Structure formats: C-alpha cells, structure tokens
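Just below sit the structures, each encoded as structure tokens.
There are two complexes below, and they share chain A, which is joined by chain B in the first and by chain C in the second.
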Partner chain A sequence: MTVQERGAYRVIGQGIPRLDAADKVSGKAEYADDFHVPDTWYGAVVRAPVACGKLKSLSRDPAFDWSQVAVVTPEDIPGNNIVDMMGRDMPFIAHDEIQYLGEPLALVAAPSLHVAKQAAAHFKVDVEERPALLTLQEMVAVYKEDPAKLHKLSGQTIRKGDAASALKDADIVLEREYTAGHQEQLYIEPQGMVAIPERDGTMFIHGSMQCPYYINPELCETLDIPPEKLRVKQSAVGGAFGGKEEFPTLIAGYCALLALKTKRPIKMIYDRNQDILYSTKRHPSWSHYRVGVMKDGTIRAIECDFVLDGGAYTTLSPVVMYRGILHAAMGYRCENVSIDGHVYRTNTFPNGAFRGFGAPQALWAWESLIDELAAACGMTPDAFRLKNCLHEGDVTPTGGLLRDSVGSPEVLEKTLERCQFAEKWQQCSRGKSGERLWYGIGLSFFAHGSGFTGDGEARMKSKVALDLETRADGTPIVNVRVSSTEMGQGTGTILPQVAADALGIDVTHVDYPMPDTFKVPDSGPTVASRTAMVVGSTIYSAGQKMKADLESFVSETLFDGQPTELVENQFRAEYDNRSIPFVEGAAAYLASHGPFRVYDQFKLPDYVKWDQENFVGDAYPAYAWGCNVAEVEVDTLTCEFRVTKVTAFFDIGRILNPVLAMGQVQGGLIQALGYAMMEKLAIKAGKYDADRMQTYVIPTSVDGPEMDLHFVEYPWDHCQPGAKGVGEAPMDGLAPAIANALEAASGVRLRDLPLTPERLFEELSRSQRLTA
Partner chain B sequence: MSTKTPTSFEEMDCAFPSSLAEALDLMADESTRGRPLAGGTDLMVQWESGVVNRPERSISVKGLPELMGISEAGDELVIGSGVTHMQLRSSDLVQKHVPSLAEAATTVGGFQIQTMGTVGGSVANASPAGDLAPSLLITEGRVVVANREREREIPVTEFWQGYRKIDLQPDELIIRFHLPKKSAESREYWRKLGPRRAQAISKVMGSCRGQVLDGQIQSFRVAIGSVAATCVRLTGIEEWLLNRPLNESTLAEVEKRVTEEVQPIDDIRSTADYRRWVTGRMVRGFLENWLEPA
Partner chain C sequence: MSELHTIQTNINGKPVEASVPGRLLLSDFIREELRLTGTHVGCEHGVCGACTILYDGLPSRSCLMLAVQADGHEIVTVEGLASNGELHPLQEAFKAKHGLQCGYCTPGFLMTLVPFLAEHPDPDEATVRDAISGNLCRCTGYQSIVDATLLAARQMREKAGAVDGSEATS
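For the complex of A and B:
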C-alpha cells in the first residue's frame, strides 16, 4: 500500500486553530483543581524521613486532634499493597523497607488541606536508617568495581555480528564515557486528582493524566475492584511530557484509598515543591563506548554499556532502557554491534517517563561520540555522517530493514546545505587565544523509533471508536472516542482533523470529548510519539468505514440506490448530480437507526518481525528522522555561552497540522536546550536540592535561539495518513549538537550534561586554554 | 510575645496603616509591632517554602505615600524605600545619575516581581544576591531609617552587617536612600551572570563607578554580589587601581588580585572556583569598557 499524495487530503495538513483554544484562553477548561465536589476532603501523604532504612514503627502524636482526620495504613488496603507496574516491586504504602526519602508510610485526609498537612506532620516515625545509594556517580563507581554489588532492576542486550573481534581489526578504537543527569518535566499544572466513591460501588477517578487505561487496570488489584467498577476520566491537562504517564496511578491510588476509607470524595493537588520532590524524573544515564573505525571513516564495531539510574523501583525503567539501547548505535551502518543495557536501583523516587524516553540520553552520548570518531579519522562531522548514515534498504543495529519512508539522508543533506555547515565549520574558533568571542557550529543526526518499542504495538492492539450522535441542539456530530489524551500537544485537534478528512466532512462536524474509560475503548497510552501514527491511522480507517456506511444509507434511502459519495460535506449521487448536505444525511441516519458507532483496531504490517527476547528484528515499524545544527557563541571573558541559532529538518511522516507540528518542534527544542545547558538536580541529604522553580532553572523565552526549522515528508507507507510522530524527536538531538558546537568553539569537549560555564571553565583551565 | 507560629497567611495578623506615622506607631510598641511587608516578593516565598517562619503579625508598608518618590537634592538622588524596581528602571533621574541601578533593576525577577518588589524590601532582605546592592554601595550613599521618635542615617557601606543582617532596630523602618550622583565625567557599568538570561538569581553580579582621564584611572569603585555573605566593595582593588594607567598589565594584575580578594562558596547556582575566577574577569571587563568610547 502506498499513502496518498498530500493533495489528496482536505483537512489533514491544514494548520487549523486548536479546537480547545477558546476554552483554554477563556478559562472555561476544567483542570483537576477546578472540580468542586460537595463534601470533598483533602488528602496528604505521610512520608519517610530517610532515603533507605527499615520502618520499625509508625505512631500518632496523641497531642494532636485526630477527630477530623482519616488515616490509611497498609492494613486498610483492600487488595494487594502493590503498584501493578513492571517489576511489581513497589508497595503503595511502605510497611517494612524504605527505599527512598518521602516514600509513603500512611495517607491522611481531612476537611481542609491545612488540617490534612498538619496531621501528616504529627506522625512519629521510627526507622533504622541504612546507607543509601543516591547518585549516578556513586552508582557508576560501584558498577565499575563490581556490578553484582548493585541491585539490578533490568537488563537487556543487543548482539549483531562479532563486535569483540571486529574491534581488534579496527584502525582506531575510541573509548569514551558520557553522563546525563536528572531532568524534571516541570509541566505548568502540577499533579492533581480527585477520587469520588459512587453509590453503586464505582470508584470514579478524575484528574490530570496522560493514560486513563494505565490507572485502570493498575489500581484494580490495590482497591480489589473489577475493572468495570473503576471509571477513569481525564480532566484538562496543563502539560505532561511523560510526567503524567505512570505517576498518576500513585496519586489516584492515594485518593481512592482515602475515598474508600472516608466514603467521601478526596482531592489531592500537589504544590510545586511536592511535585518536584515526589514525582518521576528523566533517568540519569552513563554511556560507556568502545568504538572501532577504519581510517577511511568506516565504522567497524560498536560496544556500548548503557546504564540507567532507575531510582527505587522498577516501574517503566526496563522500557526506557530498551528505547535507550535501540537508539545507542542507531543511524549509521555497522555490522558489529554489542550493547548491554542495565538499570540499577538508587534510593531516589523511581525515575520514569520523560519525552524521548531513554533516546535523548542515548543520543546525547552517541552523537557526541560520532563527532569524536570523525575527528579521529581526520574527517569533518558532516562528511563522516554522510558516509555512514543509514539509507532506505539498510539495516538497523537489531537487523531491522528500513523498508520505506526513510527521511535519511535527506534531512541531513538539507540541514547541512541550509545552514552552510561546511563553510561555517571552517570559521570555528577552536579556542583561539586573544579573542573575546568564540564561534562554533555543531551537528547531530538521529532517528526516533515511532510508536511502542519492540512488540508493544502488537500486544497493545489499540482500539478506537467513532460515534455518530446527536448534539444538544439537534444537529449530528461525530465524536472521536479514544483514550489518547490532549495534554497541550494537540491530540484533541489532529484526531478530529483525521476523522473529518476520512469522512469527507469539515472538522466543525467532529468533536473530541475528554477520554473517559466508561465511554472510550483502550487506544493505548498517549506516549511514545504514537498517537498521530497509531491512533490517527486507526481513526482514519474507522472514518472510512463510517463514511461507506453513511454513503450506502443515503444511497438507498434518498438517492434510489445510485452510487453515492460523501465529499466536501455533501452526499453526492453519481448519475443525476443530486446532493444533500452531510448534516441532512446524517440526521436522516440518526432518525432512522439511532446513534452509530464504528470501531477499528490498529494492526502492524505482517512484515514487522520482532524477537523480544533477543532484540532482533524490527524494533519499530517506522522512524522519524532529524538533523539539528546548533551555532554557539562563547564569551571568553566569562565562559558564558549561548546558542545563537538552531537549524533543523525533521521527517515526521505525513504532517497532520503544520502549526501544531511546528509548535511541538519549537517547544521540544527549548526543552532540549534546558536539558543541554541548565537543568540540574543535585541530591543533598537524600533530597533534590532544586525543589522549587526558583532553583530548578529552565529556559525563558529570551534564552531561545533563532530557529530555522523545516519538515520533509516521508509518510509511513503502511497506512493513511502516514504520520510517524513528532512529540519526542525534537528532544533527542540538541544536547549533542550544542556540545559539538562548543568543542568547535572552545577546543575542549564536555562529556557530562548539563553543559555549563562552570564545566567549560574547568575543562579550559585543565587544558590551559583560558584566554586573556 | 506569643510562641505560636502561624502556618498560613490566614492565621497571620496583618495591619494596613495608611501613613508612615501610623506605621511607626505600630512598630513602636512590642504588642503591635510586626514584620514590615512591602511587595512581599521575598517574604511570601520564604514563608510559603518554610525557609523563614511566618511572623505572628505583619505590617504592610506597601504604597505608603511618605515612602514613594524619586527626586533630586543637589548632588544626590533621594529614593523612597517604597519605590518599585519597575519605577527605578523607568526613572529618567535614576537612568541619568545612577545608571547601573536602573540597569540592575531591569534584571530583578520578571515584570511581576519588578512591579511588586521595592528597593527598601530588597535592601532589608539583605540577600548577598540582591541585585540592587552593588549599585547602592558604589554611590557611597546613606540609608535613612526612622522610628517614632527620630530619623537615623547609616552609610550604605555599613548597613549590611553580615549574612542577612542589617543595621535596623526592631522599632525602625527603612525610609529612603540618599545616593550621590555620578559626575558627568564618570561612568557606571553593571553585569549579572546568571543561570539564564532573564528571571535569574545571580551566580555573580556587580557594579562599578569610575573615571579615567588620559588613560589613567582617576577613581574607581566596584561592588560584587553573590561572592560573600553580603555584597562587597572591593576596596583593596579600588585603592590599588588609583592613578594607575589603564593598560593590559594593569588589567592582568587586577584580575589576579580580585581572585585573591574574594572568598566565594559552592552553592546550587555555581562553584567557588568559577566564581572566584569570573569575578576577576568581570572587574577586568568593567575596566576594559573605558578602552572604548562611551
């Protein structure tokens, strides 16, 4: 199957305004904290005072007035005290071992937040403290000594060819280490949830989340209720970036357990301080490479240890690591690849999902190393990449075939040409003494696997529904029924665009109600840049089915059986040119048959083969491709530097809404700029030191560089409309491009994120390149 | 005094006097005295985050007419303690006579903070990273404080006594600042190094006022923030520079001497090593400005 040309679409590809824009700018949109249910009590968490230890006892201060406070301890949990995520190693409420500072020891609720917080502060906790392992640096030090001394949460290998022997044949072998630290999602709206116990025994969870069908079923085991008694509905979400992927199950669980105990609605809204301290972060990473190249620039062998700091429990870490290792040698031809991925426990809050999901960490190291390899071969970074980059028909490190829709090398070539890389590369300062400003340009090139990793999509079997229903005003409306959430990225606009296009109607006839597990099928979580590709294509085919059914109804009932087509809002009869508006035909259908639902399910193409145990085959059905060029200026008076310009091309497949797609790229690049240059969390006495927006520094609008951004469209061939996802790719490549540019400017290489003036100063001092 | 610490703003007792006299009356008596609250841009955050306990009472001095206004008095500017950062940065008088102060005010927080925060509040907060402090220090002006009975003048250079410690009695309020104008021949410069380009608390920042005639340094005052317990004047450097030629050997030497004079620390925003080095570089950068036409 080949996708249609862009011109074949009417609504897809249009930069229409967001459908939720009016509600959001007028304040009508309802966020979790906007729900005011009568009789609601407020929840708070009693937290462990140490990062590692054994809980000996938990008691209440008798001087405090407990009459207006409900308390939940592990004994109050109806089901199993386990968070039903990977590893099944995390208790909902700790009762014995404490694995991170702030781990829940009990839950409290009271009529006011103030009393709830006071109550939480009036527990006496007796713990036997043990030495904690807190940082990536400590973890790597132990790993180098003896990995067996660490608590392993997950491991996976990739093997292709014979890397060990091939390394011996290489002309040049580089061994390098790179690290990256925590990153906080820092969505505008903090975590928030409401749990309402309904009279019929249903627990209604309503709040800020990315994935309603994670909470159901994950909470069923803890609450001991069947899935049909757990209703989960998304409220308006003020940003998520992965931070509301798996975490909301925890806060939803706290609310639901307290709601069961009190038989009242319970609300919990984290303040910024709690949110930073007690929610997920991007995994800190350590990448250790040994790569062999030939003098002509051929990559002979890649050996890589990719190690993630998982935090206290397994949660999603294995999958984050999988995506990491699948990107750790991606993008270039090499016959001999050996990658070992590991996740180890540290005593911090479990690290979790964050835009890019392991790929930014892997690509930070890999794309920095590519520049070092090019230099070792005496080649320029652009020439080395052009020589080695994957083309259509090449195979990936897991032996997957790049069959079609391969935006490489076009994104690379176009970016290089657009920013005049070759000329500017010659003008880089390279630490020349006596100059007040140093200039540098740097490059990164990468692929980002679209959709779930490995067998994820095959297991997920994403389902969607379209409902033809009657609006309150009596007019027909097509409602998109999916569990894919609008969290600011535009799902609530692009999916109606896809449905409208498939149906042949305007987007004004399509709506996207907030996902509610009592009304929508499981389309999978809103993660992994999968929504536009997987859910979008399934909606497209559901829309085509609905279109065909409506056409045949109108044909038979109104057009005497003539072939009828729904185009541009009109049902048109083929022979006598009669036509009626969509609303009229749809209203006739509704009057005759009542509401009409069409289901569809995503199916991977048969050629996608994947061996989950050995990591062999097509790790992803398609890839987005990107190339980023950063230009930097270093003030040699202070070692401060700024990115003056970013030039980038992305192939994200078919573009559904160019304005929203560009918004994703711009926002993602700014978030990547923060990851590259500013955002850092140190751990002091078991606690993140930057626990407020004053101290956790992200870029402001004036920190953003000039951006010259473009798309090329290589639609995924397997289904209409052929999108490949844009959410994460913009997060992947900017950090290494900046580090590469910084080396071109200063002559020194920084191998630890974030890249700061302090680090540049240290390296320049060490190499005695500080200039007057 | 009650021993109970309020845990929320609602539990605090707040007085809203309508004149300075009324405010000083409240401050005079222990039973009515409270923590003076101006824009609240420091205190509100400190209370909410628990860094500082909430006082039992606070007295709002925000907008008291006697604390407002920027005017000239001979060779001095007189700036009311209730003047906001936004008013400072927008004032023609400040831009002309103490330009580094106007420039520093533009870098405090964002527009919201600049609109609420006041010069008196910033001085009272006594943070070593207080952006206005270096420019006040280099004017060698005076802080005027008052209680119900009298006014008292303190040289700015003596007002900050240590980390978050100021020369202010419990019954006193900061009223205004008298800042000697720069001469027509002198220039001022300001620079702030922060973790980002706006809305940042500094790693190092500072101001200078100086005059160079025919390549010779006639006068030079420089103050630096975020490198010690208070913002500091580098008086040893200032003395050493006096009457020296402004050339590369002076610049190299001053850079070295500054790094020997400051004792910064490692903290969440930067490292001691970098701060020490970059303070020297910043002072060099200040002086290099005179090598170019104004």
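For the complex of A and C:
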C-alpha cells in the first residue's frame, strides 16, 4: 500500500492550535499538585545515608511524637518487595543491601507535609558502609583493567561481516574514546502522585506520568492486587522527556503502600531538590571505537564498545543500551560491524529514560568520529558523509533493509546547500594565532529509529479505541481512547486530528480525554517516538472503521440504502444529493444504538523481521532522518564559545501538525544545546552537586542561537497517514555538530560532554595553540 | 503552631481577608488556601519563574514571598487575566502561536509579560527574549513564546489604535 498524497488530507497537516491551550493559558489545567482530595495525608521517604553498604538496623527516635505518623517498612508490603521492570533486582524499600545514597529505607505519612518530613528525619539508621563505585570515570577505569570486576546489568552484541579481519585490511585505523555525562530531564513540574484507596478495594493512582500501563501492572505484584483493582489515571503533565516514563512507578508505589497502611489518600509531590537527587537521569556513556577506512573514504570496518553507567539497578537500562548500539554505527555503509554494548552498576540512582534513550550518547561519539575519519582520509566532513551515507535499498548495521521512506541523502544535501557548508568550511579559523575570535562550522547526520526497539512493537500490539458518545450538552463526540499521554508534545492534539481526518469530520467533534486505565486499552507507553507512527496509524484505521459503520447506518436508516459517504462533516447520499450534517447522523446513531466503540490494533508489516537474540534484521519499522549544522564563535581570550546559528533539516515522515512538529524540533534542539554545553552534574560524596535549579543550569531565552529549521516529508509507506517520529531526533545530533564546529574553529577536538570553556582551555593549552 | 496574622489583601480584583501563619509562603497561600492552582511551583527558590504573580502590578516570585506581605497589596494571578469571560490578548496569542507545550511554566511567562507589554507596546525580539530570560521553559525552546508575545503586542497596538482612531473621529 502506498500512503495518500498530502492533498488527500483535510485535518492532518494543519497547524491547528493545541486542544489543551485554553486550559493551560488560563490556569485551569490540573496537574498532580492541584488535586484537592479531602483527608489527604502527605508522604515522605526515609533515605539511606550512604551510597553503598549493608543495613544493620532502622529505628525510630523515641523522643519524636509518632502519634500522627504512619510508617511503612518492608514488612508492611503485601506482595513482593520488588520493582518489576526489565530486571527484578530493585526492591521498593531496601531491607538489606543499600546500592545508592538516598535509597528508600521506610516510608512515612502524616496529616501535613511538615510533620511527614520531620518524621522522616527522626529515624536512626545503622549501616555498615562499603566502598561505592560512583562515576563513569571510575567505572571505565575498572572496565579497562578487568570488566569482570564490575557488576554487569546487561549486555548485547551486534555482529555483521568480519570486523576484526577487515580492520587489518584498512588503510587507516582510528581508535578513539568519547564520554558523555549525566543529564537531568528538568521538566518544570516536579514528580507528583496521589493514591486514593477506594471502598471497593480499588487503588486509584492519579498523577504525573507518561505511561499509565507501566504502573499497572508493575505495582500489582507489590500491592498484591489484581490488575482490575488498580486504576491509573494521568493528570496534566508539566513536561516529562522520559523522566516520567519508568520513575512514576516508584512514587506511585510509595503513595499506594502508604495509602494501604493508612486507608487514606496519600499525596507525594517532590520538591526540586528531591526530584534532582532521587529521580532518573540520562545514562553517562563511554564509547570506544576502532574504525578502519580506506584512503578513498570507504568505511571498511567498525568496532565499538558502548558502555553505559546504569546506576544502581537494571530498570530500563538494557533497552537504552540497545537503542544506543543500534545507532552507534548507523547512517553509513559498512559491511563489517562489531559492537559490544554493556551496562554496569554504579552506586547512584538508577539512570533511565530521557528523550533519545541512548541514541544521543551513541551519536555524540559516532558523529564526532565521522569528522575525525573524514580528516584522516583528507576529505571534508560533508564529502565523507555524502560518499558513505545510507540510501534507500541499503542495509543497516543489523542487516535491516531500508525499503522505503528514507530521507537520506536529501536531508543531508539540503542542509549543506541551505547553510552553504562547503564555502563556510573554507572560512573556519582552525586555531589561527593572533585572532580575537575564531569561527567554525560543524555537521552531524543521523537516523533515529521510530517506534520500539527490536521486537517491542511486535510484542506490544498497541490497542486503541474510538468512542462515539454523547456530550453533556447532548451533542455527539468522538473520544480518542488511548493510553498515549499528553505531556506537552502534542498527543492530545495530533491524535484527534488523525481521527477527524479518517472520519471525514472537523476536529471540533473529536476529543482526547486524559488516559485512565479503566477507560482506555493499552496502546503502549508514550515513548520512543512511537505515538504519531504506531498509535496514530492505528487511530486512523479505527477512524476509517467507524466512518464505514456510520455511513452504512445513515445509508440504511436515512438515505434509503443509497451509498453514503461522510466527507467534510456531511453524510452525503450518492444519487440524489441529499446530505445531513455529521452531528445529525451521529445523533441518530446514538439514539438508535447507544454509545459505539471501535477497537483497532497495530500490526507490523510482515516484512519487518527481527531476531532479538542475535540483533539481526529490521531493528525499527522506519527511521526519521536528520542533519544539524552548528556555527560557533570562540573568544580566544577567555575560551568561551557560543553557537551563533543552527541549520537543520528533518524527515519525520508525514507531518501531522506542522506547528507542533516545529515546536518539537525547536525545543529538542535547545535541550540538545543544554546537553552539549551547559548541563553538568558532578558527584561529590555520593551526591549530585547540581541539585537545585540554581546550580543545574538549562538554556534560557537568551542562550539559543539563530535557527533555520526545515522538514522534508518521506511518509512511512506501511500505514496512513505515514508519520514516523519527531520527539527524539532533535535531541540526537547537536552535540557532535557543535564539537565538530569547535574543532574547525580551534583546531582541537573535545571528546567529553559537556563541552565547556574549561575543557577547551585545557586542550588548547596541551596543544600549545594558546599564544598568551 | 506559629502565631496567626490577619491580612487584608485584594486577589484578582476581590478583597480577601485571611488569618495566616507568619511563615506561610505567598505561593502556598495562593495555591492551598485560595485554591488558585494556576500559580505553579517549579523550584521553590525563585529560579524558574513558574510562580510569578503580579504584586501591585509588578511581576513577583510568589515562592520567595510570605503571605503576610500581601497585606494591603493587590495580587493578580493567571486566573485574573481574563475579563468578562474573554481571555487576555496575550493568552489568545499563546494559544494561536503555540507559545506553550506542557503548560506548566505558562502562567509565569504570562504574568511576566503582561506588565512588560504595558511598558513596551512595540518590542523587538531581543527585548522580548531579555524580558523572559528569568523564566525557564524546558519544552518550547522559547521561539514560540517570543512569537506569541510579538503577536500579542501587535494585536494590542492595533486594538488600542482602533480605539484611539474611533475616539478621534467621534
């Protein structure tokens, strides 16, 4: 099947305002902390005082007034004391081994937050402290000595051809290491949840989250309740970026355990300090490459170790690493690839999901190295990429065939042309002495896998529903029932647009109620740039089914059996030009049959084949493609540098709402700018040193460069409307583009993120390029 | 419990009298006592700007103020921007230009920009960027907020011009 031409869509492709905008500009949107539930108590966590050790005893200070305080310890957990994610190694409440500073030892609740916090501070903890492994640098040092000395959380390999032999044949072999540090999601709304125990035994979880169907079932085992007694509903979410993917299961669990104990509603809203210290971060990474190239620029062989600092427990780290290794040699032709991915334990809070999910770390190293390889062959970065980049019909490092919707090489060619890369490349300063300012331009080019990694979509079989119902004012409404959440990125607007288009009606007749597991089927989590592609296309086909059923009803009951079509809000009879408005036909249907639900389910094309054990085949159903160019200016006196301009093209498939899509690109690039050169977390005495907004610095309105941003549309051929994914790709490529530009400006290469003036000064000093 | 203080204040045009503990934050008073939950708290120490309100017309961080400081002063929150059921032109422009994504920072941006536009009816992009440089947004990258502000400024000028024009001809 080939997707329709753009002109065939009426609502899809329109930059309509967000459906939630009115509530959000007027202060009416309800975030987790905005719920007022009578008799609510407030929860707090009693936290471990060391990063690694053995808990010997936990006791309460007898001098404190405990009469108004409820306490939950591991003995109070009805089910298993396990957080059931990809690994089953993390306890809800630590009872023996302590693996990170601040690991929960007990939970408390009290009628006021003040008392709860005081109570949490009145526990006496006796621990036998052990040496902790805290940083990526420490972990890599041990890895180089003997990986067996580390605690391995996950491992996976990719093998294609014979990289070891091919490296021997290469004209030039480069061996390089790159690192990247933690990044905090820093959504502006902190983590927050409410748990309400209901009379019929249902536990109602309501709060800030990306994935309602992670919490159910993950909490069922802990609470020892069946899935049908665990109701999870999303509140308005004030940003997430992956930070509210797996973490909310923890805070929901804390609230629910306290709610079971007290039989009262429990609210927990993290303050910013708690949120930064005790929630997930982007995994720090170490990439070690040996790559062989021929003098003509052909890439002969790629060997890569991709190592992630997992933090204390497994959580989702295996999949983050999978996405990392799947992008670590992506984008270019090479017959011989050998990649080893690893995740090892360190004694910090478990690292987790963050926009890009391993790809930004992998591409940071890979796209930096591509520039180094080009230079080694005596080629310019653009010529090297144009020579090697994948085209339609080429195969990926796992042997997946790029069948269709391949935005390469167009995004690359268009970006290069648009920013006049070749001319500007000649003007770069390259560390020329005697200049006050240095200029440099740098490039990155990449693919981002849309949808779950590997066999995820095949296992998930995303389910969606559309409900034709009657609104309070008596008019018909089509409700989109999915577990895909609105967290700012626009799900609550694009999915109604898709449904409206499929039905042939205006978006004013479609609504997106907040996901509630008692009302929506499991469409999968809102992650992995999968919602527009997977859930969007399934909504489209559900909309077509509903349209056909409504047309047949109107035809039989109102139009004497004439063929009838629903277009532009009108049911139209084919022969006698009769027509009635959608609302009239839908109201007649509702009066006759009552509410009407249509289900549908996502099915991968048969040609998508994946071997999860050996990582061979089509790792993703489709890819978004991107090219970023950064221009930088370096102050040679202070080594300060700034990005003056970013030019970028993205192929995200069919664009559902161009204004929302552009917002994803603008916001993602600014987050990527923070990752590249502003956001830094060091660990001191087991603790993140930047644990407040004052010290964890993100880009403000005056930190961004001029941006020249564009799309090209290569719709995914398998489904209507052919969207791929836009959420993550903007996070992928800016850091290496900036590092490449910095080298063009200064003549030195930085291989550690974030890129800072201090690091540039060190490298310039080492290479004696500073004349002062 | 700490001693209670009686305060007389004006919130969104309505007189309010309340007894508050001396250490109660103004942001908590607005959110918890008055249940005006459009004022959001993002960092608790004056960095993110989500809790910005108008204090006698000036944008102020309610998380850095005490409720007792409202005594004898006028407070406007995001709930007070609309009048007669009509959104403020800046709110309309945020809707039209997608000047928001998750919406959590939005009330703070609006309360920072309303007095800014009153003082700068015809700002350029750099001035707008400077005006919002103390408010953090993690979603948009700021461009759509800047675009919304420039649109609001233009529409407010046109409206003012139309009113002036009609007065001149009458």
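Basically, the second predicted complex is superposed on the first by the 770 of 772 C-alpha atoms of A that agree within 3 Å, B and C clash if a C-alpha of one lies under 4 Å from a C-alpha of the other, contacts with A are read in each partner's own complex, and residues count from 1 in each chain.
To be clear about the criterion, a residue touches a chain if its C-beta (ideal position, glycine included) is under 8 Å from a C-beta of that chain, and two chains touch if they have at least 3 such contacts.
Predicted model only: the values in this text are computed from it and were never measured.
Visitor: Could you let me know whether more residues of chain A are touched by chain B or by chain C?
Guide: Answer, by number of touched residues of chain A: C.
Visitor: Mind working out whether A:Asp126 is in touch with chain B, chain C, both or neither, as first, second, both or neither?
Guide: After superposition on chain A, A:Asp126 lies in contact with neither partner.
Visitor: Look at A:Glu762 in the shared chain and tell me whether it touches chain B only, chain C only, both, or neither; answer first, second, both or neither.
Guide: first
Visitor: Quick one: is A:Glu435 in contact with chain B, with chain C, with both, or with neither? Answer first, second, both or neither.
Guide: The answer is neither, since A:Glu435 touches no partner chain.
Visitor: With both complexes overlaid on chain A, does A:Ala682 touch chain B (first), chain C (second), both or neither?
Guide: first
Visitor: Considering only touches as defined above, state whether A:Gln118 meets chain B (first), chain C (second), both or neither.
Guide: A:Gln118: touches chain B, not chain C.
Visitor: In the superposed arrangement, which partner chain does A:Arg692 touch: chain B (first), chain C (second), both, or neither?
Guide: After superposition on chain A, A:Arg692 lies in contact with both partners, chain B and chain C.
Visitor: Just to be sure I read the superposition right, which of the two partners does A:Thr700 touch: chain B = first, chain C = second, or both, or neither?
Guide: Once the two structures are laid over each other on A, A:Thr700 reaches both partners.
Visitor: State whether A:Cys639 touches chain B only (first), chain C only (second), both chains, or neither.
Guide: first
Visitor: Once the complexes are superposed, what residues of chain A are shared between the chain B interface and the chain C interface?
Guide: Common to the two interfaces on chain A: residues 692, 694, 698-700, 702.
Visitor: Provide the residue numbers of chain B that touch chain A in the complex, in ascending order.
Guide: 7-8, 45, 49, 193, 195-201, 248, 252, 268, 270-271, 273-274, 277-278, 281-282, 284-285
Visitor: Can you list the chain C residues touching chain A in their complex?
Guide: 31, 35-45, 47-48, 50, 77-79, 81-82, 87, 91, 94-96, 98, 100-107, 110, 128-130, 132-146
Visitor: What residues of chain A sit close enough to touch chain B in their complex?
Guide: Answer in residue numbers: 114, 118, 273, 637-640, 642, 678, 682, 689-690, 692, 694-695, 697-700, 702-703, 756-758, 761-762, 765, 772.
Visitor: Spell out the residues on chain A that touch chain C in their complex, using ranges where they run on.
Guide: For chain A paired with chain C, touching residues are 15, 17-18, 20-31, 33-34, 36, 185-190, 236-241, 271-272, 487-490, 659-660, 663, 666-671, 692-694, 698-702, 704, 707.
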